[in-house]
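The two complexes that follow have chain A in common; it is paired with chain B in the first and with chain C in the second.
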Partner chain A sequence: MNIEMPNFLLALPEIFVLGMTCVLLVIDLFLKQQDRYLTYLLALFTLLVAAVLTLYGDSGERQITFNGSYVADSMSHVLKLGVYFAVFVVFVYAKDYLRDRNMFKGEFYILGLFGMLGMMIMISAHSLLTLYLGLELLSLSLYAMVALQRDSIHASEAAMKYFVLGAIASGMLLYGMSMIYGVTGTLQLDSIAERAVSGDRTLLAFGLVFLLVGMAFKLGAVPFHMWVPDVYHGAPTAVTLYIGSAPKIAAFAMLVRLLVDGMIDLHDQWQGILIILAVLSMAVGNIVAIAQTNLKRMLAYSTISHVGFLILGILTGTQSGFSASMFYALAYVLMALGGFGMIILLSRKGFEGDKLDDFKGLNRRSSWYAFMMLILMFSMAGVPPFLGFWAKLAVLQEVVAADMLWLAIVGVVFSVIGVFYYLRIVKLMYFDEPNSEEALQCSTDMRLLISANALMVLGIGLFPGALMAVCTAAFS
Partner chain B sequence: MFADWPLLSLVIWTPILGGLAVLSANSESQKTVARGLALLFSVLTFILSIPLYAAFDATTAAMQFVEGPVEWIPRFNIYYNLGVDGIAMPLILLTSFMTVLVVLAGWEVIKERVAQYMAAFLIMEGLMIGVFAALDAALFYVFWEAMLIPMFLIIGIWGGPRRVYATMKFFLYTFFGSVFMLIALLYLYFQTNSFLITDFQQYNMGIIPQLLIFLAFLIAFAVKVPMWPVHTWLPDAHVEAPTGGSVILAAIMLKLGAYGFLRFSLPITPDASQELDWLMISLSLIAVVYIGFVALAQQDMKKLIAYSSIAHMGFVTLGFFVAWRIFNTTGSLDGAVMGIEGGIVQMISHGFISGAMFLCVGVMYDRMHTRQISDYGGVANTMPIFAAFMVFFSMANAGLPGTSGFVGEFMVILSSFKANFWFAFLAAITLILGASYTLWMVKRVIFGDVANDNVAALKDINKREFLILGILVVAVLLLGLWPAPLLEVMEPSVNNLLQHIMQSKL
Partner chain C sequence: MGFEKIIFYLFSALLIMSASMVITVRNPVKAALFLVLSFFACAVVWLLMEAEFLAIVLVLVYVGAVMVLFLFVVMMLDINIERLRAGFISYLPVGIVVALMMAGMLIWIVSGDGSAFNNSVTHNADYSNTRELGRVLYTDFLYSFEIAAVILLVAIIAAISLTLRRRPNTKHQKIENQIAVKRNERVRMVKMKAEEKK
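After this line comes the complex of A and B, so read on.
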């Protein structure tokens, strides 16, 4: 038996993040509360170095190592950079929020970094086992983060729900994986793809269904979406921000790794299932969001509808469809960061700012941030010239190109319905009188970053070509 | 001298960037600065748009002042590509002209959030000009949709008591309409691998796809025009919008839908347009006759003018879609040319007249804070100068010869007479109906004895209002007495369009 020496260099970002997180864990033990700032800075430093390592590690070709269980390709590099960016923004936005609520502890950053490590592993997974490992590392960190505010009933309830449902989903996923393994006798995605051609179709289909159920749970696609609004609502906003952003990129990667790298041959089978998931998600997400009075819940349902759109691109089964979905995922994360960030911006000590009514008359209190929120909301609604429009356009174009005109029409009809609740936020901010005249309180770094975040949604919306090209290059 | 200036880009981006500059004067103490800046940028844009007419070559139907194609989004072959022909150019001038008046009209009337108000109008101006100038369908769509955002805010922030309902209805109606156009555009892109409108126009396809695409375009454009039965958002939006919003809505936004028919529906799907011209002619005639009667029953002046707008826009679509019938009965294109030209003249003329009517109502509303006809009476006694303007514009609205309102309607009626006597008969009814509802309103509002103390206390218009209305009088008379320059400019383009659509794509 010869054991090939794995190419550790390819996994350098992961190794570095793991090492730094362990170091942080120790350092944080010895820090006094007033020095906690150091943990925060070190966490940001970790992200920056990881980004540099990823950028320089990009050789431009697809390389597989660790005995076929780890892959580094251009998609993984782009998605990892997206994840670093999202987590970076989350950490900055969360700082004041956590400090005001006595939650400014090392755990948030350490769990956040571990969760990110899980996402990185998912993105680079090339075997069922690595994929599962990454997913569980992410999920466990998230469960703990939701429960971070341990005295809050809502948070504990949300954490419990999330944990139980997440465990069921993981079980489904594992069961599906075991079936796939049973048919193909391998865990590596490449070999699965080869052997699936001659494998037992029935058994493969069963395995596929279980896999998809598990993934739909994690993605929050209807009908496996029940946990999303409760968890988004119950978790502290800083954690909601985390759950609502970066993991979507990882979930997209998981879908692509399993369905495209592993089972592209079963496209006929998974396409039908994905169509149902997509249509239901767009329908339920957009319609139920109208009834919400809490912005976090509303954004949760909006997430569900966006997941529906994201699935639309993947189900076409074409390279350009995957790149359209990837563009959608990255665009969505940028918008979600801004949306949840605005809630944090509005909140202050003893005040959450997550009700729709809290946005009343924002234009009078601060016309600049009202304008930023306007950009974000119109972008999520898919109105040009903002980023969200191009994301929808890219996905819809692929659906039309795949000869599924009806599906594109269903998509746009539901997005029109969706426009209503985004418009309602704009209505509250611009047309209504404020409940309080209190000025917004938050630190300069937050102000700058959230402005930059919203302006990016506008700027990339005006010039989406570069990001689209990156996404196209990732699948060629 | 203007040959190498990017004139179209300038008229699009000057107001948009100017609007952003105005936004920076957002604080309460800078109201005067905001007004001054807004006037400066709107006048600048108007001046920049004049060379478009002055240097326009009226002998060719080709696109002029072309910019690009500059690659914008390579992934979808989307280009930044601008250009105008004889149909789009007058509409751009109309837009930049009306925006100056709207800025002036909101001068003292708007007291709250002045900078945001002015900025919204300037940004909207740039976006609307972009719609007329875009030669790339994706670029067109971006401008087309983005324009909804400032209008949504204008109605919602500065509007009347039911503004939220009206603006939501406005946004959702028009957004719903346009997404179907988006699907049609995506389908065409999928077929031609290009978003250039000219490529769409050259693309041949069977009758079934043509019909589907035509219907998708119809939903988008019919909502915007608006045609019966998807017109219900317009009266609400008009009634609740501030005066400036109503003016822009009536004078320009409605024209965008009609322009869409000329640029997209007719040339891209000519066979489907011919196949369904009965539908379009019926809807137009219903708008002309039925909506005319509806206007007669209105109690609210703005609502009345809103319904009158729908009726007048019915003329426009009638003029466009009667072309095949004329060609089939007379065998020559001359009548059809007159129909389409009449439609375009009607668009420009209605831009002036409806804008002026809304401004007149605005003048009264600023003083009395009511738009109910029954609250007025005998305004001529206290506001004689204003009454003269109001009567003049009402006559123009009713299509009095010598005013611009007459030219377009006459051309459309004359050409539809060549197609079918009954079309012309029904269309001509509007001359009676239009006169009835407009003049009856004038009679009740302007003439008679002074109705109440509020009317007795009215002050006549000031210099600013006189200036705005005076400019519009000149425009209405000029176009009414001497429409030749406008007709000459559009003649080659309309001829070219008709020759294109008379060739079957099947």
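After this line comes the complex of A and C, so read on.
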């Protein structure tokens, strides 16, 4: 019996993160509450080392190991770095928020790291099985994190909804995977791509539909978006920040792995479904967001509309379309981190700054942070020269290049509608009287990081070439 | 083949019957017990497909452990059946549509081109699928196997962090204090005059 030894070095970041998280789990057990920041620092340290390992492990070529269930390519490296960055920012933003609410426990960081491990596995998945397991690892950590605030009825309700709908979505996904396995007889994505050419089209299409339904649930694309606003609203803001940022990168990776690596041959079949998902998401997301009075809910609907844009890039089925979509995913995550971060900045002990009214007259209270929020909102709305504009432009260009001019027009129309609710926040901050004149209170690291975050949105918006080049290189 | 076919139809019928009983009986305890029966019938069908290891695991894990725990929970919870059944009629049309769609799809797939389902492999009696499973589990599927282990670890962490509560003012016995107690800490002698008879 011959066993081919897997190349463990390729998966070094995953192995390191898993090992460190287990170490952290044990260390945290023996820490007193006042020493808890050690867990936090070690979690940040883990992220930094994982980033270094990923950077140095990048050989520039596509390598597959673990008997075809793990792939390391340039896309996986870039996306993993994006995930580390997002989780790092989430951990820093969340620190004060958690401490003020008696939630500063090791579990948040441990579950956060395990969730990140799930995302890394999804990003590097090369078989249906690892993709599914990575997704479950991520989802399970997220369910627990949403429910972490046990005494809050809203959080428990959100966790319950998320859990039930997530389980249905996983069921759909598995059903689709089993059909595809039935037709092709393999779990590995590249063999699926080979055998799909000669496979039974009807069965493959059925499997594909179930896969897409499951993925649309996880992405939060309309009409499978019902859980998004409730979960974003009900979860503690620190957890909303986590759910709203890094998993979008993983979801993008999941779409690319399944549809592009595995079933590019069925492009004409999944394109139609994705068009419906994208148009509905942009429509419902942008229009319903107008009616929201809670910023977390509003950002949830805005997420739905951004997911629509993300799908637009993928459905073109071209390499440049995928890189535009990847640029969009990374840009969106950066903006979402800032947006939810501002809610945390406005919150203090016993007070959640998550209503639109809380942003009234922010300019009078702190003109610098009002300006930061202005950058973030303009960027989400897609106003040049901010990052969000380039992301939208890149995706729309690809849609036009794929001869779907009407779809690009629909996208533009709905993003113009979307501008309304982003600009309403700017109006509230600059032209309305504040409800309270209280100065913002938060720690220096949070202030520095959120300023850096917003300035990055501006900076990359002024010079989008570098990030764009990275995304283009990932798909060539 | 005759005997195998009899077994197959017998236990398939039992499986369908018990599965429909799970969702129709009024008593949740009975529903759980019917679920046990359907797992058992399913295990027999798997045995016919030469999936001996999976069949035994199904009985050991699901029937032996999971369902017993489930029964405990069902018995401890005070479930109001009437309230659970309240929405039954209103959801029925949607349920029927979904069920018909699923059934139609399955029939279409199976009847479309049956050749894909006829290539089941048979093995001799000395073939051990436990060994074969173990062999691929720890070699080809090593990565997936490790991830599954991590998922279980996360499940443990999640369950404990969601349920463990340290309440400082709960009342519980302190056995060491109870043992060390002295007579005069518990019994107080009271001297009083006996009541006189009038």
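Throughout what follows, the second predicted complex is superposed on the first by the 475 of 476 C-alpha atoms of A that agree within 3 Å, B and C clash if a C-alpha of one lies under 4 Å from a C-alpha of the other, contacts with A are read in each partner's own complex, and residues count from 1 in each chain.
The rule is short, and it goes like this: contacts are C-beta pairs under 8 Å (C-beta built on N, C-alpha and C of every residue); 3 or more make two chains touch, one makes a residue touch a chain.
Predicted model only: the values in this text are computed from it and were never measured.
Once the two complexes are overlaid on the shared chain, A:L203 sits against chain C while remaining clear of chain B. In the superposed pair of complexes, A:F420 makes contact with chain B only, with no contact to chain C.
Contacts of A:V183 after superposition: chain C is touched, whereas chain B is not reached. Contacts of A:M456 after superposition: neither chain B nor chain C is touched. Counting contacts by the rule stated earlier, no residue of chain A appears in both its interface with chain B and its interface with chain C. Those residues of chain A lying in contact with chain C across their complex are 1, 3, 6, 11, 18, 22, 25, 66-67, 69-70, 105, 107, 110-111, 114, 117, 121, 127, 129-130, 133-134, 136-137, 140-141, 143-144, 147-148, 150, 179, 182-183, 200, 202-203, 206. In the complex of the two chains, the chain C residues touching chain A come out as 105, 108-109, 112-113, 116, 135, 139-144, 147-148, 150-151, 153-155, 157-158, 161-162, 165. Note for the complex: chain A touches chain B at residues 363, 367, 374, 378, 383-385, 389-390, 393-394, 396-397, 400-401, 405, 408-409, 412-413, 415-416, 419-420, 423, 426-427, 430-431, 463-465, 468-469, 472. By the touch criterion given at the top, residues 26, 71-76, 113, 116, 138, 141-142, 145-146, 148-149, 152-153, 156-157, 163-164, 167-168, 171-172, 175-176, 179-180, 182-183, 186-187, 189-190 of chain B touch chain A in their complex.
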